[in-house]
Structure formats: structure tokens, C-alpha cells
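Chains: A, B and C, in written order; residue numbering restarts at 1 for each.
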Amino acid sequence: MSSPQLPLSVRLDRFQRRFAPYLFVSPFFILFAIFGLFPTLFSIYLSFQAWNPVQGLGTMRFVGVENFAFLLEDPWFWQALGNTFWIAVVSGLPQHLVAIPLAFALVMGVRSLRHPLTAAYFLPFITSAVAVSIVFITIFGTHFGVLNQLIGVLANWPLTAWLFEGIRDQLPINWLGRAPYIKPAISILVFWQFFGFNVVLYSAALMTIPREYYEAAAVDGANLPQRFFYITLPLLRPMIFFAVTLTIIGNLQLFDQPFLLTGGTGGSGQAGLTVAMYLYRTGFEWLDMGTAAAMSWLLFLVIGTATFIHFKFFGRGGLETRE
Amino acid sequence: MQATIPASTTEVRSKRQSRFNGRLTKGLLYLLLIAVALVTLFPFYWMFVSATHTQSDIFSAPPPLWLGDALERNYGSLLERIPFWRNLWNSVYVAVIATVTTLFFCSLGGFGFAMYQFRYKNLLFGLLVITLMIPGLLNIIPYFLIIQFLGWLNQPIALWFPGMASAFGIFLMRQYIASSISRDLMDAARIDGATEFRIYRSIVVPLIKPALGTLGLLTFIGSWNSFMGPLVVLRSREAFTLPLALRTLEGQIQADWGAIMLGTALAVLPLLIIFVFASRQVIEGLTAGSIKG
Amino acid sequence: MKKLLVVTLLLVMGLAWAQTTKLSIGVFEPLNEHVVRVLPKFNELHPDIEVEVRTLGFMDHHNALVTALAVGSGAADVVAIEIGFIARFVAEGGLVDLAQPPFNAGQFEELFVEYAWLQSRTADGRQVALPTDIAPGVMYFRRDHLATVGADINQIISSWDSYLEYGRQLREHGVFLIADAASVASAIIRSDIPVGEGIYFGADGRPLLNSERFIQAATIAQRIRQEGLDAQIGAWSSEWFEAFRRGTVATELSGAWLAGHLETWMAPETAGLWGASEMPGGVLVSWGGSFYGIPTQSQQQEAAWKLVQFLTTNPEVQLEAFRTINAFPAMPVTYDDPMFEEPLAFLAGQQARLLFADIAERIQGIATHPGDMVAEEIFGSAMGQILNEGVAVETALNEAQTLVERRFRR
């Protein structure tokens, strides 16, 4: 004989208790499956097809690894990859080399102005890449850009003229028009926009270092540089690891800034073409979506490899937790 | 404090010396930091100053460094060229809805992951974390195709709907909830007869306000500034968000840089204002998130 | 009785209102200025058609059009297409074949300059768009520099060699021959094209990037650069505008529309100092042009056709476009209009429009290829390498050839 039925209210209660977590999590996961998971899977599928979207979904043609083979032999792809790496390193390395001392100075040196200063450094980060790029287009103007005008003044000022001897005959620099200068221009912009973010991250990490460590070291006779190198840096390793990871992943996908600074073209001789830009052009302007999808996966591979190497070098230190 | 008896005059002098050096260093440090801040802020200053000048003034040597008088003229030109206020409204509309929906779904989902045990929980969460590492660029083409399939091309919903399931958001929420809400609290509420959803609504939400604030700000900022997504799915000028509208302005053949700078300044202003008031929250929220993560 | 009348009237009005067809037309700047101006006239002729004008920037408009055609929805009922993109749509479809009934566009063939008509026709005879404006390629020159050097314009344009010689003479006076040597290359590759071939692709679809014509074009441009005859300024950059204002370049190769821009906003203060002539070396090219087509997805193709006809086959409308946005009409019949004999003050009273019309009628038709835009970019890149980075002509062009071949492997 079956057990007596429980009252409806109890059954309902048990039901909602049991299924509540699923209900809470499912809307999220449904969305995620549609807009997160499915696109990823679909783009894998797409990368093995040849497809011109103008001709409709039915015209997809399976081409195996032909897209990948094409890209690996494509001079423009390799150039875009090279550009992307160049910009990533040239804008990324200074971001951290400058942010760490700045954060150190902010946290250890000046106490009162710390917040306003940090806010000032952080402001570029929250500003839209479009707005920032537009402003920098005027700053990078060849004849009337503020930057070149400043350089012009400095190059003629006795105190600083010696700095510019090497490039004097190149002045005024055509930042956005000539191939050798477009990448530096993009890098300057990217550096400006992101170094404040790293300052914030490093400041946060620095503030968790107990003062006693420094005081103990000072008692032992360590001076400022020594304290920095033997206490701060090692303890900062996890944060450096984290922040550099973000920079690697972010910079390798750079799109907005180079796209706007070169007017969507990649610049003279494709010097400013990043992989992300090339992907966009291939898929949306040249309508070769299969190749574009293949490119996005090659990029993922590159990012994955770079991150993997990064983990290998900094990994153990990064994943260690401090007592 | 014990009075220290100087052993010799040299020691006194060196102590005074080091204090002076300390002050000097500190002073120089301040100077350096402020100088860096000024250089960092200069492009913003330039943007606002240029907004009040005509194009020929902007492109002149020496450049104008103080406010000009072309503000009204630039404003008129701006409105002639793009439906600026309409575009601003689009940005606001999308950003607000994106923020509200993201907060709701991410906090609900984060709550689920943090406080409950259910099948496949770890698997699903692991999946989430993995996708955090996949570059967003990968999805741009399928994103476009899905939007097109749903008939959402050129509609605002294409911009805020997909973002509701932000892996970063749910991750943040989960961490915060896990460390702020206790099982005891929930059990007490259950004994009082509250449904699970009621627990979420009346207990969890009030307690995670700081995290909601941070995620909300980040979502708003991200939506306001987003460029590539709108670039791909928005097709008509009236539907553009601000970044696209600015790009249209800049790409016009007969460009008016006075109007462009004004448009840019106006587009940046809302975020600037929010930041001035909420900078601490934003920065601290970010740092708290990164430390906990 | 009265009641019946009123009811009937209301019914008829209601029906009439319900019958109003709503059309949309998608254009890129600056066509919108013209379309908006002539719409009232269209409404007079067709009171039952309401037209909505959708405007986008040049690239955005075409990209959106591509998407809309791909998706099968979202395109306007009438779409403007510029010459650089027309090939793509000719080949890839999505536009209505206007040669078929009920449109029967074939009846209009004689109205247009030949090459423009051919440009919007597919190889198998489908007429996917009608031309609305063309851009005869001309050379604009500064009369004052001409006088300083004491040269004769006809002698200069007789050959590319004499053009370069003019440049050398100009250099002695500190003036540049042209803003960018690359535009000379662009002009040369567009000339002397055998029938059935396109600029970048042959009749069989094979890319021509390293053919004789291209090598010649690149070599001449290279010479100009190497001898320091050009200002090394990119078109549409702020330096380019500056150069016109200050008069530091003596000539420019462009579509006829450039004078309009110069006069209205680029360099109005230089009015009266310019003249127009044919391009050197007898080069007759088209430097632009727009078309109107009807996407197959349109639900009101008949009404759309009325609008297309209005915009393209109505001489008054064509002349109006010429007046408003300097869009040179594609219909030779309009060239008889007195407007064409008008001396242009900006060009020191020259009756330049007659010159443009003459050039327009002599331009030869060339085949188009969907890959034209990509090939143009790759060629531009190659020219950049040759001129800016000193790469050898053969090397750069061979590389360009390979790139184009690979890009169009399927």
C-alpha cells in the first residue's frame, strides 16, 4: 500500500526547494548556451566551410582545412599577426613597467593625493575607444597635431634638442599616414588607455602587503630600492601574473583602436592591421566568412599558446598563495 | 618617547640631512605623479577645448589651449550631421536595460552556484570559467548570424540581450555571495516559511549591494563604450549608439572637426560625471574583485 | 442622400489612404541631399507614393546593403550603389533584373552613356541597376603655375612624358606636380583596356596585377616619386586640403566632381585660379559614378521602379542633381542643356562642362568583377610599397598578383 499523499503545500514546498537552484541557474545557462556556447561551436563548424553570406545559408561548402592552409600561407595574415604582437608588446610592456613603480609611489609614497591621482590615471580606461581614438587622431595630426607641435618645440629648445637629433629630418612625423609610424601611434594610444587599469590592480595588491614586512626590513638596514626588490616584487608576483595575463589576452585581440586610427583600412601597407581587424574585413567586407572563422580560431590558438607560455614561466609563483 | 642622545654632531647633521632628503624625495615624487596625471588628462582637456573651436582653429599652430567661442556653431553643425540626441538615447536605453537585466540574471545565477548543491554544478561552473578565457572575437560572426536569424538586426535588443549571460558577472556574483551569505541565514529564513526566491529577493539582494553596484557600473560602462557589436548589427543612423554615431561623424567627407570634438565630448561626459561621483566605488570594486578572484 | 455621399467619400478617402504605397530609398552621402530636394516633385507625379529616405555613410551603406541582401531582408526598396560596389551586386545577385517585364529597362538603353549602361549589366544580359551619375576623369590644373612656367596645357597632356617634364619645370619653382604619384598609376591602369576586360581582371577572370599596363603605370608613378615631383600626400587627408588652399600642387587627377568640392568647401579662396583638361596621355577613365537598383526582396517593386525611373531617366531631375551635388548626369541628352555652356567662374570662366560631356561620351565600357574592390586595395598597397618603401615594381606587382589570385581562388 502506498504512503499517504503529503499535502499539496508541502509537496510544492519541497519542489521549489529542490528545483530552485536549477531555476535560478537555467535562465542564465539558456542564454549562455545560445550566445556563448553555440556561437563557439558554430564558428568551429564554419571554419571548415567556404561561405559567402550574400548567397544564403544553403550555399555553405565543406572545404576541410583549406581555410587554415590559406591563412597559414597568407602574407597579410602573417603581417597582421606580426603587427598584433608588436603592438601588444610595445604597448603592453610599458604598461606594467610604468604601472608598478607608479602604484608603489602611490601606495607607499604619497598618501593624501592617492585617490585623485589614481582616478586620473584610470579615467582613460573607462572612456570609449571610439572617443579616445578620435581625439588622438587630432593629436597625431602631421602638421597641426599637438604631439608634433610639442616635438617641434622640444626639438628646437636647446635643452632637449639633442634627443631629437636622430629623427630631425623625419619631422614632422606622419603618425597615421606612414607605415613606420602607425604602429607606434597605436601603441601610444593603447598604453595611455590601459596603464591606469594596471596601476589600480597593482595598488590593490600592494595595499595587502603588511607594513610590518617593510618595517622589519628597514630595521634590518634595507633601503628603499632593496625593500622594493626583495619584498614588494616577490609578493606582487601573483598580481603581476594576473595583470599580464589580462594584457596578453586583451592586446592580442585589439580591434577598436587600430580600426579607428587607420580608418578601417589597416593603414599604409597594412602596417596597422591587427588580426582582429583582418578577421572583421575578411568576414564582413570581403564576405569570406569561412576564412574569417578559421582566422578567429588561429588567433585563439595564438592567445592560448601565449597564455600557456606565460603560465609556464610565471605559473608557479602566480598560483601560489601568500600566507 | 625616549629622548635620543646624539652620539656626535655628525650624527645629528646626517639625521637632519636624511629628513631633508626624505622631504625632497617626497616632494619630487608628488611632482612626478602630478605631472603624469596632467599628461594623462591632457587629451580630455584637449577634447573639451576643441569642442569650442572651429575646425580651422583646431588645426592650427600653435593649438588653442583655452576655450573658444564656436560652441554654439559646433552644436548646430553636430545636430545637422547626426541625430545626436537620438543616438545618445539609444546608448542610454541599451546600457540601462543591459545593466538591469545583467544584474538580475547574474545575481540569481551566482546565488544558485554559491549556495546550492545540484547535479552537474561543478561541470557547469567549470564550463563557465573556460569560456572566460575564450576571446570574444571568436563569436562575432555567429553572433551576427544568430541576431540575423532572430530578426533582431538593427534593433536595440540585439545589443543588450546576449550580454545578460555574462560569465564574468556570474563569476563575480558567485564569489561575493559565497563569502557574504551564510547557510544559517538561509535556513533561518526557510524555517520562517520563505520560498527560495523570497530568500534571494529579501535577504541576498540587500546584502550584496556593493557587488551589484560594481557589476552594475562595469556593465553600464561596457555597454556604453561597446563598438564592435553595434558595428556589426546596427544598420541605420537612427539606431546607432554613440560610438557608431561618432564614427559616422568622423568618416564624413566634409568633416567638421569642431562638431566631431563636441560630439565626442558630449558622449564622454555622462561617464565622466558618473566616474567623478563613483570613482571610489568603481576602483575599489575592481580591486576587490581582482583580489578575491 | 447626403449621408450616403459622406460615407462614400470617407470610404474612398480611406481606401485611398490605405492605397498609399510606402517606399524606402537607401542612399549614401551626398546623394541624400539631392533625393530629398526632388522628392516633392516625385510626389506631384505620384501622390499615392510616400518615400522615406535612409542615409548612411558611404562604406556603412554598402556594407549594410550586402548584409541585407544576404539576409533577405532589411534593404530599402530602392538602393543606391556606387561604381566600386556595382560589380559585386552584378555578380552576386539580390537585385531585380530590370530588363524583364514589367520594367523593360531595355527601352532606356539609348538614353545613357554606353559604359555606364554596360557597367550595371551582367554577362548574361541582366540589367540590375540604372546609372544615375558618372564621373568623367579629368585633370585640374592651376593656371598661375602654368603661366609661371610658361607652358601650354595641351602640350603637357599630350603624353605622360611631357607631363613629367612639366613636373620637373614646376619643381624648379618649388611647386609639386601632383599630390600623390599613386593617382597617376590609378589613372593609367584604367585606360586602354581591351574590350571585354576589366581593370584588374581579364575576360576569363584572371587577375592582371602584373601585366604590362600595370607595370607601365607603376613605373611612371615611381619616376614621379623618385624625381621628387609629388607632394607625397594622401587624398582626403588634412594636408591634401591644405595643399589645395595654399596652391602647392599644380595638378590633380580626379573625377569632374572635384571642382564642386573645391569651390564649396575645400578651397573656395582659390576660385578663378584653376582650369580643367583631359588627362595626360589621352587617358579616358571614369572616376566614380552611382547607380540605382531594386532589391529582389522589395515588396513594392512596381512603385520602386517608378522612383528609379524618376531619378535616372528624367532629364530635369538629372540636371537638378548636377546643380545640387555636382553629380554629372549619365544621360547625354542633358548635355544639350544651356547649363553646360555656362562658364564656370571657379575655373576662370572655362566652359568645362562641355569638356566633361565630351570626355564622358568617349569613355569606353569596361567589364567589372566582384573582386575589383579587393584588388584595388591590394594594388594600392603595392603602390605604397613601391613609392614609400622603395620596393621594386616587378616584385611588388608580382606579390600583388599572387595575393589577388589567392584571395579569389574560389
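Note that a residue touches a chain if its C-beta (ideal position, glycine included) is under 8 Å from a C-beta of that chain, and two chains touch if they have at least 3 such contacts.
What you see is a predicted model; the values in this text were computed from it and never measured.
The count of contacting C-beta pairs peaks for the chain pair A-B. Ranking all chains by how far their C-alpha centres lie from the centre of chain B, first place goes to C. Look at where the CA atoms of chain A average out and do the same for chain C: the two points lie 40 Å apart. The centroid of the Cα atoms in chain B and the matching centroid in chain C are 43 Å apart. Computed from the mean C-alpha positions, the centre of chain A lies at a distance of 15 Å from the centre of chain B. Each of residues 59, 251 in chain B touches at least two other chains. The multi-chain contact residues of chain C, meaning those touching 2 or more other chains, are 59, 67, 71, 238. Listed for chain A are residues 53, 141, 143-144, 284, each touching two or more other chains.
Residues of chain B that touch chain A in their complex: 26, 29-30, 32-34, 36-37, 40-41, 43-44, 46-47, 50, 58-63, 105-106, 108-109, 111-113, 115-118, 121, 124, 127-128, 131, 133-146, 161-162, 164-165, 167, 170, 190, 195-197, 200, 221, 224-225, 227-228, 232, 242-244, 246-247, 250-251, 257, 260-261, 264, 267-268, 271-272, 275, 279-280, 282-283, 286-288, 290-291, 293. Chain C contributes residues 29-30, 54-60, 64, 67-68, 71, 73-74, 236, 238, 261, 265 to its touches with chain B in the complex. Note for the complex: chain A touches chain C at residues 50, 52-56, 70, 73-76, 141-144, 177-179, 264-265, 268-270, 284-287. Residues 59, 63, 66-67, 69-72, 92-94, 234, 237-239, 242, 374, 377, 381, 384-385, 388-389, 399, 403, 406-407, 409-410 of chain C touch chain A in their complex.
By the touch rule above, chain B contacts chain C in their complex via residues 59, 148, 151, 153-154, 235-237, 248, 251-254.
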